[in-house]
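Quick one: the structure is below, questions incoming.
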Amino acid sequence: MEVLVASAVGIMTTTGLYLILRLRTFPVILGMSLLTYAVNVFLFASGRLTVGAPPILTDDATMYADPLPQALVLTAIVISFGMTAVVVMIALGAYLGTDDDHVDDLIVSDDEDVQ
Amino acid sequence: MKRLFNWLLPHPVMTLILAIVWISLQNNLSFGMAVFGLILGVIIPRLTAVWWPDRPKSFKIGKMTAYVVLVLWDIIVANVEVAWIVLTRPNSKLRPAWIIIPLDLCQPEAITVLAGTITLTPGTVSSDVSNTGHYLLIHALDAPDPDAVRDDIKQRYESRLKEIFV
Amino acid sequence: MNWIEIGTYAVGVFLLIGAIFTLVGAIGLLRFNDAMTRLHAPTKVGTMGIGALLLASMTATFVFGEGSFHELLIMAFLFVTAPISANFISKVNIHHKTCMAPPDPPEGERWSTSLKEENDQVTTDM
Amino acid sequence: MTHWIIALIVLPAMLAPFIVLSARYHIGIQRVFSLFGVIALIAISAGLAWVASDGTIILYQLGDWKAPFGIVLVGDMLSTLMVFLTAVLALFVLLYVIGSGWDERGRHFHALFQFQLMGIMGAFLTGDLFNLFVFFEVLLIASYGLMIHAGGNKRLRAGVQYVLFNLLGSTLFLFALGSIYAETGTLNMADLALRAQMIGADATVGIRVASVLLLLVFAIKAAVVPLHFWLPSSYAEAPGPVAALFAIMTKVGAYAIIRVYTMIFPPQLEVTTGLQGVWLMPAALLSLALGMIGILAAKSLDRLVAFSVIGSMGMVMVAIALMTPEGIASALYYIVHSTLAGAALFLIVDLVKSSRPSLSLTAMPPFAGSTVTAGLFFVAAIAMAGLPPLSGFVGKLMILDASFDTALGVWVWIVVLTASLISLVGFARAGSIVFWKAESVPAGEDSEVFERSHAMSYSAVGGLIVLLAAYTVFGGQAQSYMIVTSQQLFAPNAYIETVIGSQGKMSNIFSEED
Amino acid sequence: MTFADDFLSWALVIAFTAVAISQIFAMIRLLIGPGTADRILALDTMVVNVIGVIVLLGISQGTQIYFEVAMIIAMLGFVSTVAYARFVLRGDIIE
Amino acid sequence: MSLFLIVALPFFGALLPSLMNSAGRQAVAGVTFTVTLLAFVGLMTNLPAVLNGDVVQNGFDWFPELGLNVTLMLDGLGFLFATMILGIGLLIIAYARFYLSRNDNMGEFFTYLLLFQGAMVGIVLSNNILLLLVFWELTSLSSFLLIGYWKHLEAGRQGARMALTVTGLGGLALIAGMLMLGKIVGSYDLSVILQNRELIQADPLYVPVLLLILLGAFTKSAQFPFHFWLPHAMAAPTPVSAYLHSATMVKAGIFLMARMWPVLSGTPEWFYIVTTTGLITMIVGAVIALFKHDLKALLAFSTVSHLGLITMLLGTGTAFGAFAAMFHILNHATFKAALFMSAGIIDHETNTRDIRKLGGLRHLMPITFLIAIIAALSMAGIPLLNGFLSKEMMLEEMAHTYLFGPKWLVPTLATFGSLFSAAYCFRMIGHTFLGPKRKPESYPAKPHDPSVGLWLPPAILAVLVVVIGVAPFLVQDFVILIAKSVIRDAAHLDVKYIKIWHGFVPALYMSIVAVLGGLIIVVMFRPLSRLWDKTPRPEAKNFFDNIIMAILICARSCIHPLHNGAFTRYAMIMVITTVAAGYHAWATGVVGNVTRGLQPVGWVEIGGWIMLVSAAISLAALHYNRLLSLILIGIVGLMVSIGFVFLSAPDLAMTQITVEVVTIILLLLALNFLPNLTPLESSMWRRGSDVIVAGCAGLATMLLTYHYLLRDAISVPISEFHLANSYEGGGGTNVVNVILVDFRGFDTFGEIIVLGIAALLIYALTETLLNGPVRARLLNRAPDKQLSGTQHPMMMVVLTRVMMPVVLMVGFYIFLRGHNEPGGGFIAGLIVSIAVVMQYMASGFRWASDRQRLPYHGVIGAGVLIAGLTGIGSWFFSKPFLTSDFAYLRIPPFEKFEIATAALFDLGVFLAVVGAVMLTLESFSRLARRAHVKDSDSPMDIDPSRSIVELTQPQKGE
C-alpha cells in the first residue's frame, strides 16, 4: 500500500512538474492542479495510512486514522481551489488583452544608449 | 387561502418527495424527523419555485407509481437482453437505427419522463427533440424493425404518461 | 440456514449480478465500433450493475446492521441523471457527426441540436 | 486575557468585508475606514511592542486550546516589532494611495489592502507553522489582487508569472509541512523546537529534509537567489504603492527564517547541522551581488528598484546567515531600514511614472515637480545603496562588523562592499539620466502634459524619508533594541515555556504525551 | 467461517475485480476516443463505477460512513458530464 | 563653541539657501556666508586651547553598540584643516555669489556647498573613525551634486559620476580598512587607536588595513593611478573646483594619511607604497599639467602633482617629512585657491579657459594678473613666496630619501617634478597674461578686471602667500604645532625654525635647477607640445569609460538573459534548486530504521493506482488536446478522491469531488476563450530535459513519502489530543470537522478569507476587463467552433427543476451533520453552489439570475463577518477568539439536538463558500456574454406546451 501511495505521489509530481514546464498557461495550470493533488496526498500521508478507520468517533472503534492531516489537506484543497480560480482568471485576462497565452513573457530588449 | 396554500406549497408532490428524501438521508423514521422533513419540504421548494414557473396542473401519483414499477421491470428485462447482445453479437451483426417518435405529449415534464424512460430502458436512447417539440429522436442499439419499437414505446409508455400528466 | 445466512447469500448474489453487469457495460463500451452504439452499453448496463451493487449494500445493512435505505437515494440519483448524460452525449455525437446522421423529422422541422445561430461562424482569426 | 494581539488580525479581517458590504460604491467612506483601520493597527501594535519590550511573551490561545493542540499567537519582541513596522508602512502607503488616486483605478482596493495587512500581521504573529501557511496564502492572494489592480496587459502577464511562481512556493510549503508533521507529529513551533531536540543522531534524514524544504519556502518569500525570479517583473509591474507595500512581504520570509532557525533548528542543534550554513550564506551573497548588479543593468527605473529590493534582501540574508546574535541583530536593524527605503523608492518611481511618458532610462524632457522628486530619489537611493548618513550605511557597518572573523567573513566583506559600489554606480547612472539628463532634452511640442502629483503623495514619500532619518538619528537606541531582541531569539526557552506551559481548555483532563 | 461468508467474500472479490476491470476498459476507451463524445461517455462510466467501488468498500468494511461520498458523486457526477458536453456543443457552458 | 555645533551648523544651515531661494540671490549668499562665518568664528573660539596644545574633545553616543559615536576632537591638524575649509569656504561663497549667473539656482548650489562644507569639517574633527567614514562618504555625495550642478552639461554629469565612482570605490575600501583597524584595536576611537602603534603594526591584518586605507586616501586625493577623475570634475562651476578640488576635498586623503600617520607610518610597506605613489603622482601630474590648454585642467593636474608631493612627504615617515607636508598643505591651499579663482575670473571675463586663445591679459586685467602671478610664482617655488619654503623643504627631504635604484634617483626625480612644476606655472602666466597686447575684441568676450567681489577673495589669499613667504616665522610655531599633532609620539621633531635661506644645501641647487629648467621648457614649449601630442599615451578617461562600459555590458548580459520573463526557466531553476538542496540534506544525514510495517495491497488498490497513473501520464502526454486533458485531470481527481475514501478520509473525498466539479466548470468557462489546442513548441531536447528534471523531483517526493510512511513520528502526534477531546471539548464526533471549526478554526477562518479574496479579485479583474480595451473584443467575439443549437435542452431544464430542491436539501443535510459525520459547511457550500450552477447551466445565467440572485458580495461578506463575529463573541465571555461552546437542546417533537457556536462558525464558512464560488463563476460567465447573441427569455429552448408563435428561439432554417 505504501509503495502505491508513494509512487502515486511521485508520478503525479513528475507529470505535474512536466506540465508546469510547458509554454502555455493552460497546461501549466493543469500541471499546477496535478502537483496540488500530489502534495495533498503527501500531506495526507504524513498521518500515515490507515484503512477502514475514519476519524469519526464511535463507541466500538479501537483506532482511527490521524484526523489532523485530513483537516490540513482540506484547508489546502480549499485554498488551492481559490488560487486556481485566480490564476485562471488572471491568465485569461492576460490572454484576452494580448492574444498570447504563452506563460513566458519574454522581454523584448530595446537597445538604448548605454551611457 | 388557496393562494396562500399555493404559495406555501408550490409543488406538493415535491414536498412529499423531499420529506421522504430527508427521512432516508437521516435513515430515521421518527415523528420529529418527519416533521422536520416536511418543514424543509415546504421551505426549499418555496425558495426554488421561481425557477419552476409552469408546473404541471395535475399529476396522478398512483398511476405514476404503477408506471415506475412497470419501467423498473422493463429495465431489468431489457438489461439482460442488452447484456446478451453486448457479450455475443459481433459488431457486424448489429442493426442500430434512428427512430423518430411523433409525440402526443406536450408538457415538457411529460416528454422528459418519456425520454428518460426510453433512455433507462436498455437498447434505446433518447437523443434529441425537434425544434417544435413534436418529435422525439431515439437511437436503438439493435432494431430490426424500427416501426415496431416506435409503436411499442407509444403504446406502452406514452399512453400511460398521457394519463399521468393530464 | 437462518435469515442471516440467506441474507448473506442474497448479498453475494446481488454482488455477482452487479459485477457481471458492470463488466458487461464496460465491455460494450470498449468493443462496439459505433459511437452511438457504444452509448448504450455503459449508460444502461452500467446503471443496472451499480444498481445491483447498491442493492447488495442495502441488503447487507439489513443483514449485518441496523438497515438503511440510503442506497435507494443513490439509485434514484443515478436513474434520474443517467438520461441527461446520455442525452447530452448523443447530442455531441450528432453535432460532431461522429455517428450515422439521424433522419430529419417530418414537416420541415429540425432537430434542436442541428439548429444554427446565424452569427456563429467558424472564424480563423481567433 | 487581553485581545489586543488578535485585534491586529481580526480588525482588518472584519474591516475588509465591512468595506465590501457597506461602502462598495463610496470611495470616500472606504478611505476613511481604511485609514482608521491602519491608524488603529499602528496604535495597537505600538502598544504590544511596548508590552513585549521588557521580554514579556504575549500568548494568545485561539479557541482557548492549549498549545500545541490549538493555534496560538505569540507576541515577542521580534513579532511585535514586525507588526509595528507593517502598520507604519501601511499608513504611508495608504496616504500615497489616497493622494494618487490609485484606489479608484480598479475595484476593491481597500478591501484587498486590509486583507493584505491581515495576512502579513497573521504571518508575523502566529506560533503555528500550518497557520503560517494559511496566512502566507492570505497575504499572497491579497497581493495578487493588489498586484493586478487596475489591470493592463503587461501587468496581467507579469501577474500570471507571479501567481504561478508563488503557487509553486505554496506547494513546496505543503511538502515541507507534511515532512515536518510526519517526522515530529506537531505543527506548533515551540513544540517543534522541543521535539526536534528529541531526534537522535541515528535517524536524521527526515528532519533534515524537512528543515531544508522549509528554508527553501522562506527563501522564496525572501527572494533569495536563485529563488527570486518572481520578484523583478511583479514588483516592477505592480502599481507603485502596492510594490511599496510589498517591501514588507519579502521581510516575512526573512522573519520566518529567523524564527525557525533560531528556535526550531538553531545552529547548535546537531541533527540539522551544516544545512543552512552550506546553502544560505552563498545564496545570500549571490542575491546581494545579483541585486546590486541588477541596479546597474536595469533599463527602467521600476526594475532598477525591484533589483535593489533583491539586493537589500541579500544584505539581510547575509546577516541572517551568520546565525549569530550579532548577525541577527544587524539583520533586524537592516530589515526596518530596507523596508522603509524600498517603499520610499517604489513610491518615488510611481511619482516619476505619473509624470513621465515612461520609466525607461533614456533621456526625456524634464517633468513637473522633477526637482522635488529628484531630491527624494537622491535621498532614497542613498539609503538603499547604503551610503551615509542614512541607516543603510550604519546597517552595512553592523553587518560587516558582525561578520568579521566568521567562516565566510572575507567573502561577506568583499561582496558587501563591491555590491555597494556597483549599486552606487547604478543609482548614480539612473538618477543622472532621469533627473539630470532631462535638462539637456528640450520639451517636445507634442509631449504629453502630466498633472503634478497630489501633495499628499509627496508628503507620504517625505514621511518615509523622515522616518528613515529618524531611524538613523535614533539608530543607537534602535540597535540596542535589536540586540535585546536578538538575544531573546537566541534564548528561546522563555518563548517555549510560555507557549507550551500555559494551560487551556480541557488541559487538566488530557495529560500531555502519555 | 461459514460457506455463506466464504461465498460473500468471494463475491466481493469478484465484484471488486469486475469494477476494477471495467474501470480500466473505460480508461482505454477514454484514451483511444476517438470522438469527444466517447471520452465523455467513458468518464461518465468511470464516475458511475467509482460509486460502485465505494459501495463495495462500504460492504466489505461493514460501514455506512462512505454513503455520503457515493451520494455526492451520484448527484454531481453528471454535472461535469453535462458541462463537458455543453462545452462541446455551445462553447459557453453557462449562457 | 562646541565642536558638535561647528560641524552641525553647515548641515542645518544647508536647509536655508534652498528654503530662501525666493528671497533673492543676495539673501541666499548672505545666509550661506553667515552660517559659514558663524562656524568659522566658533572654530576660532577654540584657537587658544589648540595653541595651548590641548586637544578639545566632546560628543555623545550614537551607536554605542557598534562603536559609532559622535565624538569630535580638535587638535592642531584638525584646526589647520577646519580653518582652511571654513576660511577658504568664506572666500568661495563670496566669490560664487558673483560668479553664478542668474540662470543658476543659487539656493540649490549653496545648499550643496554647505552640505559639503559640513561633511569636510566633520572629517577633520572626527574622533571616531566610523564617524569619519560617514563624513567621508558624505563629501563624495555632496561633491557628486556639486560637480553635476550644471545638469544640462554632459561633461558635468559624467564628471560627477566618475568622481563618485572613484571616490566611492576608495570610500568602500576605507570602510573595510577602518573596520579592520577598529577590530585590531578593539575601539573605533581615534584617540585610542592613535595610541596603539605597536599593536597595529604587529597585527597580521596591518598590511590589508594599510592597503585599504591608502586606497581610500589615494582615490580621494587623486593619486596615481586614480588621478584621472579630478580633471573631469572640473566641469563643475569654478567655485566648486577651487573649493573642492584644490583646497579641501582632495586634501581629505592627505588629511587621512596625516591622521593615521602615527600608527601606520614608519613601516617599509608604508614607506614604499606612499612615497612611490606620491613621487609618481607628482611627476605625472606636473608633466601632464604642462601640456593642458584648459586653464582649469592645468590647475587640476597641478593639484594632482602637489598632492603627490605632499603624499610623498608623508610617505618618508620622518618627522621632518611630516612637518614639510603640513607646511605645504597650508601653502598650497592659499596659492591654489587663489589661482583657481583667478582662472574663474578669466573664464568669466573672456568666456574661455583655453590658454591658446588667451595672452596679453595683463593689460586688460592688471589686478587679476597681479594676484595670479603671485600665486603662480609661489607654486613655481620662487623665493619670498610661501611655495618656495615648503618646496625647498621637500627637496631637502628628498635629498636624503633612498627608495629604489641608485641613491641619486629620488632626488633627481623630485627635481624633475619640480622642474615641470615651475614650467607649467611659467607657461600659465606667460601664455595667459604676458605676450603682446591685444584688443578686447580679439577674445571671445571683452575682458576687464571684475568687480571687487570677485577679485577680493583671491587677493586676500595672495596677500597670505606673500606674508608667509616673507615672514615664515609668523606661522612657524603654528606649523610646528600642527606637525606635532600629526606626529604625536611616533617620532621626534627637531625643526627649530623655517628659514628662507639655509645656505648652500642640496635643496638650493635642486631648486635652482628646477626654476631654470622650467624656464627653458617654457621657451621650448611649442616643439615639446608637438612632441607630446604625437606621443601615444593611455587616456585615463577612455580607460575608465571602457571599464565602466565593460562592467555595464557584463551586468546586462548576466542580468537580462537571466530575467527575461521566461517563467519556464524560472520554474526549472526552482525545481532543480529544491531537489539539489533536498538531496544534499538527505545525503548528509543518517537514514533511521524502519518502524512501521507495510500494509497489504489488494487488486482494487492496484487497479486504482493503474487508473491514476495512466491518467496522469496520459495527461502529460496528451496535454495538447485541452479538453481531453481536462477530462483526464478529472479522472486523476476522481481517483485521488476514491483513494481518500479507501484511506479513511470521507470528508476529504467529498471535498475533493465537489471542488473537482467546480474547478472543471471553471476551467471549461475559461477554455471557452482560450485556444483548444496547445501547439507543440518545445524541442525534443527541451522536452527530454523537462522529463528528466520533473522525474528527479518526482523520484525525490516518492522516496520522501515512502521514507515517512515507514517510520513513526518522533513523539505522539498532537492529533491524539484532538481524538481524545473532540467530543467532550468540541462537541462533535467527526474529529476532522471539529479540528476545522474548533481546534484549528483559525486556519479555517483564514481559508474562507482566501476564498473570499479570490472571488473579490476575480470580480475586480472582470470589472476591469469589461471596462477596458478588452470589452469590445469580448462583445464581438466569434466562437472558435461550430455551435449546436441546443442552448437550454428541455430534458435538462425539467430535470434540474426536480433535482434542484433535492440537492439543496442534501446540502442542508451535509451542513447539519458535519460536526458528527462526514460533511460540514464547506462541502455543503460547494453542493449548494453546484446546484445553482446546475440551474444556470440548464436555463441560462440571465433567466435564472433574473428570477433569483443573491448579492454574492454580500454573501461573502456576511460569511466572513459571521465567522469572525462568532469568534469575537467569545470575547464577551472573557475567552479567546473562536472559543467554542455547545449545549444540547430538546424541543418537542424534535429529538435532542446540539447547538454549538461551531455551527455558527460553519455557517459563516458555508456562506463564504457559496458567495465566493458563485461570484467567481458569475464573473467568468459575464465575460462570455456577446453583444449580438440575445439572452434567451425563456428557461428552455423548446416548450411544446406553449404555442409555437411564442417560441423565443428564432427559427433559423438554412
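All chains are identified by letter, namely A, B, C, D, E and F, in their written order; residue positions are counted from 1 within each chain.
By definition in this document, a residue touches a chain if its C-beta (ideal position, glycine included) is under 8 Å from a C-beta of that chain, and two chains touch if they have at least 3 such contacts.
Computed from a prediction, not measured in an experiment: that's the story for all the values here.
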item	value
Chains touching both chain B and chain E	C, F
Joint neighbours of chain D and chain B, given as chain labels	F
Farthest chain (mean CA position) relative to chain A	B
A-E compared against A-D, more contacting pairs	A-D
Of all other chains, the one whose Cα centre sits farthest from chain E	F
Approximate Å spacing (C-alpha centroids) for the pair chain D, chain E	49
Whole-Å separation of chain centres (CA-atom averages), chain C against chain D	56
Interchain centroid distance [CA atoms averaged], chain A/chain F, Å	36
Chain A-chain C separation of Cα centroids, rounded to whole Å	32
Two or more partner chains touched - positions in chain F	552, 560, 563, 565, 567, 571, 630, 646, 650, 671, 675, 701, 704, 708, 717-719, 722, 744, 747, 751, 754, 757-758, 761, 765, 768-769, 772, 783-785, 787-790, 793, 795-796, 799, 802-803, 806, 810, 821-822, 924, 933, 942, 953
Of all residues in chain B, the ones touching two or more other chains	21, 25, 27, 115-116, 126, 129-132, 134
Multi-partner residues of chain D (at least 2 other chains)	130, 134, 137, 141, 144, 148, 151, 160-161, 164, 168, 175, 178-179, 181-182, 187, 233, 299
Touching pairs among all chains present in the structure	A-D, A-E, A-F, B-C, B-F, C-E, C-F, D-F, E-F
Interfacial residue positions of chain F with respect to chain B in the complex	789, 793-795, 797-802, 804-806, 808-810, 812-813, 839, 843, 848, 851-852, 892-895, 939-940, 942-945, 948, 951, 953, 955
Residue ranges of chain C touching chain F (in the complex, touch as defined)	80-81, 83-84, 87-88, 91, 94-95, 108, 110, 112-123, 126
Residues on chain F engaged by chain A in the complex (per definition of touch)	158, 545, 549, 552-553, 560, 563-568, 571-572, 575, 596, 598-601, 605-606, 609, 612-613, 616-617, 619-620, 623, 626, 629-630, 633, 636-637, 640, 643-644, 646-652, 655-656, 659, 662-663, 666-667, 670-671, 673-675, 678-679, 681-682, 690-691, 693-695, 697-706, 708-710, 712, 717-719, 722-723, 726-727, 733-736, 739-740, 744, 747-748, 751-752, 754-755, 757-759, 761-762, 765-766, 768-769, 772-774, 777-778, 820-822, 826, 913, 916, 920, 923-924, 927
Chain A partner contacts - residues on chain E that touch it in the complex	61, 63, 65
Residues of chain F that touch chain E when the two form their complex	602-604, 607-608, 610-611, 614-615, 618, 622, 627-628, 630-632, 634-635, 638, 641-642, 645-646, 650, 653-654, 657-658, 660-661, 664-665, 668-669, 671-672, 783-785, 787-788, 790-791, 796, 803, 806-807, 810, 814, 821-823, 827, 831, 834, 837-838, 840-841, 844-845, 921, 924-925, 928-929, 933, 935
